[in-house]
Amino acid sequence: MVTLEPDLSTQLGHWELPNPVMTASGCAAAGRELADFFDLTAIGAVVTKSIMAAPRSGRATPRMAETPSGMLNSIGLQGPGIDAFLANDLPYLKNLGARALVSIAGGSVGEFASLAARLAPEFWVAAVEVNISCPNVENRGLVFACDPGASSEVVSAVRAELPARVPVFAKLSPDVTDITTIARACVDAGANGLSVINTLLGMAIDVDTMRPVLAGITGGLSGPAIRPVAVRCVWQVHKALPDVPIIGIGGIRTGLDALEFVLAGASAVQVGTATFGDPSAPVRVLGELREALAARGIKRLADVVGAAHRPVEDAR
Amino acid sequence: MVTLEPDLSTQLGHWELPNPVMTASGCAAAGRELADFFDLTAIGAVVTKSIMAAPRSGRATPRMAETPSGMLNSIGLQGPGIDAFLANDLPYLKNLGARALVSIAGGSVGEFASLAARLAPEFWVAAVEVNISCPNVENRGLVFACDPGASSEVVSAVRAELPARVPVFAKLSPDVTDITTIARACVDAGANGLSVINTLLGMAIDVDTMRPVLAGITGGLSGPAIRPVAVRCVWQVHKALPDVPIIGIGGIRTGLDALEFVLAGASAVQVGTATFGDPSAPVRVLGELREALAARGIKRLADVVGAAHRPVEDAR
Amino acid sequence: MSPTQVRGKVVATRRVGAYHHLTIAAPGIPERTRPGNFVALAVGGPQTSMLLRRAFSIYRVSEQGPTGGTVEIVVGVHGKGTEWLVGCRPGDVVDVVGPLGKPFALPQEPVSCVLVGGGYGSAPLFMLAEGLLARGCRVQFVLGAATEARLFGALDAKRMGCPVTVTTEDGSAGVRGRVTDVLPELVRRTSSEVLYACGPMGMLRAVSDVATAEGAHSQCAVEEAMACGIGVCMTCVLPVIGADGVTRMSRSCVDGPVFRGTQVRWSEVGTVPADTLGAPKVGVR
Amino acid sequence: MSPTQVRGKVVATRRVGAYHHLTIAAPGIPERTRPGNFVALAVGGPQTSMLLRRAFSIYRVSEQGPTGGTVEIVVGVHGKGTEWLVGCRPGDVVDVVGPLGKPFALPQEPVSCVLVGGGYGSAPLFMLAEGLLARGCRVQFVLGAATEARLFGALDAKRMGCPVTVTTEDGSAGVRGRVTDVLPELVRRTSSEVLYACGPMGMLRAVSDVATAEGAHSQCAVEEAMACGIGVCMTCVLPVIGADGVTRMSRSCVDGPVFRGTQVRWSEVGTVPADTLGAPKVGVR
């Protein structure tokens, strides 16, 4: 018997991708540094670090702490600002022919809208991810993603500025009582898909200095430690909104981890923290996913998206 | 120089304990099995598995999945019911002279109240922990701990049934947008202290059967993986309610982990999942905490509760 | 006998077919061990992401030894923890908790017994056989596996002078088929009154059925996923009928792993039978 | 030269005072290495809870060897990852990414240089010295540490025929005191034009100050906590003044670890100076 190569192509709304594995925002800068380790065009898409309107220094150091099977980060969205990003960083991916999913972040609805407006003419940008896990400076620093109203406003503002052909993904935070409420608000506001999940709010205290380890006090928890929470969020969102494309994110380190997200309902996945431990992780995960599908006789990735939701035919 | 034994005694409201280390509910049954491994009277208190009014079979198996630095469980509150518990289980701790923190769980405010009423005559029970991370059968299975109103109702009902001398701790869930809102609601309703935190909702999918691993589909994530989230919750609650005693819970495996919670604002800690990997974990953690304090020249545990919140005198 | 926790040290490792035979110095455990007990080992080393212990039937113990008493186990590689364990080298430290669980019950009379092992499940049967022989029982073995490499202990059985019937599903050794294909005839022929079994659930159920049909007793050692092994977590349960006739979700680590075959509701393992004590009412969750 | 990722193999481990000298077969890395580069090693094995790599200066490389090219590092035990690393035995596999970072810049002219190492920080200075000597530079070492056991490389320096001054804070070897106690006089006496330094932040800052005071250049290799080591995570930043005079939070893993002493805002390391590009406005968060 001939083992056929599984068909890894995936459809995120009207966005078709040759395969479902992406980098995660903030874990691949703007792609260039990873090109030393693998071919950026080989993966589904390169997701860039969330960019803001103006240059940002980010927070003071220490900015990270390793935790059991995870890490905390408090970078504070350091970045060159949208102008320098469009002038110096993004063209690299364009010239390479990589698919770019550009992540944007803002402190106000207006900032998100103006970022989207700046991206609109970049016809080659494949998609935009809206990082709504940022503090809303106009509302006591309340994180947009924690409030369905604020999330909805950001998403519609972004959607309005971008041509219909550019899909918009809203990136959800797990730090909410009911993630499906936020998911629904984003979709109702025009999001074509959802990125699930961003980091969990965590912190660590240095038992010698007796102070928080991070200069920013709290930080975002990522890595395999959070995978069970991420899988649960994808599961809940897919169950509530079965027709909405989901990009699964959180602690993916192997192809089997990626498959777990696909079975929960994700049509694509992002590999974040694992890249720090293994710079070729995204392409390795892709290869392992391909093997895992082949070993299970699954011909098309698309056939098993959300498969774990199907009713059990026979109880044992 | 003589190294003095640090004073480990701790005060949780009017409850004074010789030391701050406890078992965690559901991770020590009713204590008896752990007596093979250490002296139950040596630790601060034994926290019993949440007991309900009637006997409960719990959920089908599989009930657990190991995850990176964590585990998922979906036991479904299996237990003998309050009558059998009072007749067969609790007397063991009483006869031993151990301090018992009895955890109660209910599906309705009425069930919580009647459990408290049953405990009221057990004058020797040191304290009661109210596990509000249960589905409210009267409100579409919504978890009490996710709603300040429902949490408040449960706590006041329990508080009303118990004599004032028995402190009541409300055990908070981290799966909420703002844990301080729930914390405040519980304290306003009469909770003498807060147990922070219960498990995070998570899930795992078996990549071979393509089904959720747990028969209960979702389960509670515990272990060192969640420690950064737990420390953050303790920090936030202590910051919001600096005078309310906190029992810190979540991923504590070593004495230094325990110290991290103390510095964040906990006056006591519970050791849960770590006991599965090391049955003597609670008493080991206690010993390590004692050493850690001594090594740092800290004379009294009470002196460093919440120490990480103190303003930094000098920036470096 | 109450369990203890010791910092064990790997003394020897040896491949046996598809399995690894590990000898671990674990003073304090041998003298307490009874046949059917198991040990729970910490795996992965100090910075591991694996929190839970792994359970293994005790194959043999020796109360003396240059490094103190030793415990022997037979490990089949299943996942990441067993993978780590079989990579241990002599001198490596492994934390051991044991002996755990209820042992096999021995008959009061010197009856004839059949000991049925599936795969590595035969490991605890040889200590059991010694106990039975010492009581004057007659002991015969039925050892089965998918394939010859997955058989364990046929030589041990022979060395003890006990008759052995081997079955493999692929016919690579002994009779092609399953242990239950040969069991009823053997029970009848030897007029055996007790069947002891350790192996996969399906096999235990079949052995229990054979015992019932043949009017014999059965003692089955089950294997359920365990988080703690000491009775505090409630993950390892299965529906077991008590002396009072009531079904409860019983912990296989402390109420088992050995149960009488008639106690276990084999066809409902993995579910909560509706008449279990405290089972959810139908339609209510 | 662009970095690569290889499955390295431990060839030898050896204690040197308070440190461990590890030789790792890591083909592909030696030929790309320049003095001041570092490697990032995965620690803990497959099921570890430690996700992040650990960074180590490259001490020596050898392009040939029975097991392919080797990389040598000097490891001080700091926490759980280094603890694991020094427990490795020959034959153990260690995933290596390297060479990483900007190397030391070498002078165009055959000038006199002082190479200052603090603790294991001296490790990268010997490859550097070879490069400098090959260009006809004069090289002198100042090696300091808290105590004799924490000194590294005095013998290497002597073997290369370079003058060495040793300082220890407790006086257990060489001059009692710090490297900067002897540095100004040495720089003047040898008319040195470039100071190279690797060691703790406080030492680097002091060396940079001496260089400025003596009219010399300085090249300092910093050590900031790193999550990725390859420039994608933004954790390893410190305030650095660019060629345009603007301060930016620069990544020490790709823009460093070697910086000109005058580029780094030493007294503000650990903060975001108010005039940094994109710094939060005062009163606004």
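When the chains are written out, they are named A, B, C and D in that same order, and each has its own residue count from 1.
One rule holds in what follows: a residue touches a chain if its C-beta (ideal position, glycine included) is under 8 Å from a C-beta of that chain, and two chains touch if they have at least 3 such contacts.
By chain, UniProt protein names: A, B = Dihydroorotate dehydrogenase; C, D = Dihydroorotate dehydrogenase electron transfer subunit.
On a predicted model such as this, the values are computed, not experimentally measured, just so you know.
In this assembly, the chain whose C-alpha centre lies farthest from chain A (Dihydroorotate dehydrogenase) is C. Averaged Cα coordinates give chain A (Dihydroorotate dehydrogenase) a centre that lies 35 Å from the centre of chain D.
Put simply, the C-alpha centre of chain A (Dihydroorotate dehydrogenase) and that of chain B (Dihydroorotate dehydrogenase) have 33 angstrom between them. In terms of their C-alpha centroids, the spacing between chain B (Dihydroorotate dehydrogenase) and chain D amounts to 46 Å. Across the assembly, chain C contributes 49-50, 270-271 as residues in contact with two or more other chains.
Residues of chain A (Dihydroorotate dehydrogenase) in contact with two or more other chains: 68-70, 223-224. Chain contacts in this assembly form a complete graph, since each chain touches every other chain.
On chain A (Dihydroorotate dehydrogenase), the positions that touch chain C within their shared complex are 68-69, 224, 315-316. On chain D, the positions that touch chain B (Dihydroorotate dehydrogenase) within their shared complex are 49, 270-271. Contact residues of chain C toward chain B (Dihydroorotate dehydrogenase) in the complex are 2-5, 42, 49-53, 95, 97, 224-225, 227-238, 248-249, 254, 269-272, 276-280, 284-285.
Considering their complex, residues 44-50, 80, 84 of chain D touch chain C. Remark: chain A (Dihydroorotate dehydrogenase) residues 65, 67-70, 72, 146, 175-178, 200-205, 207-208, 210-212, 217-218, 221, 223-229, 231-232, 235, 251, 256, 259-260, 263-264, 292, 296, 304, 307-308, 312 touch chain B (Dihydroorotate dehydrogenase) in the complex.
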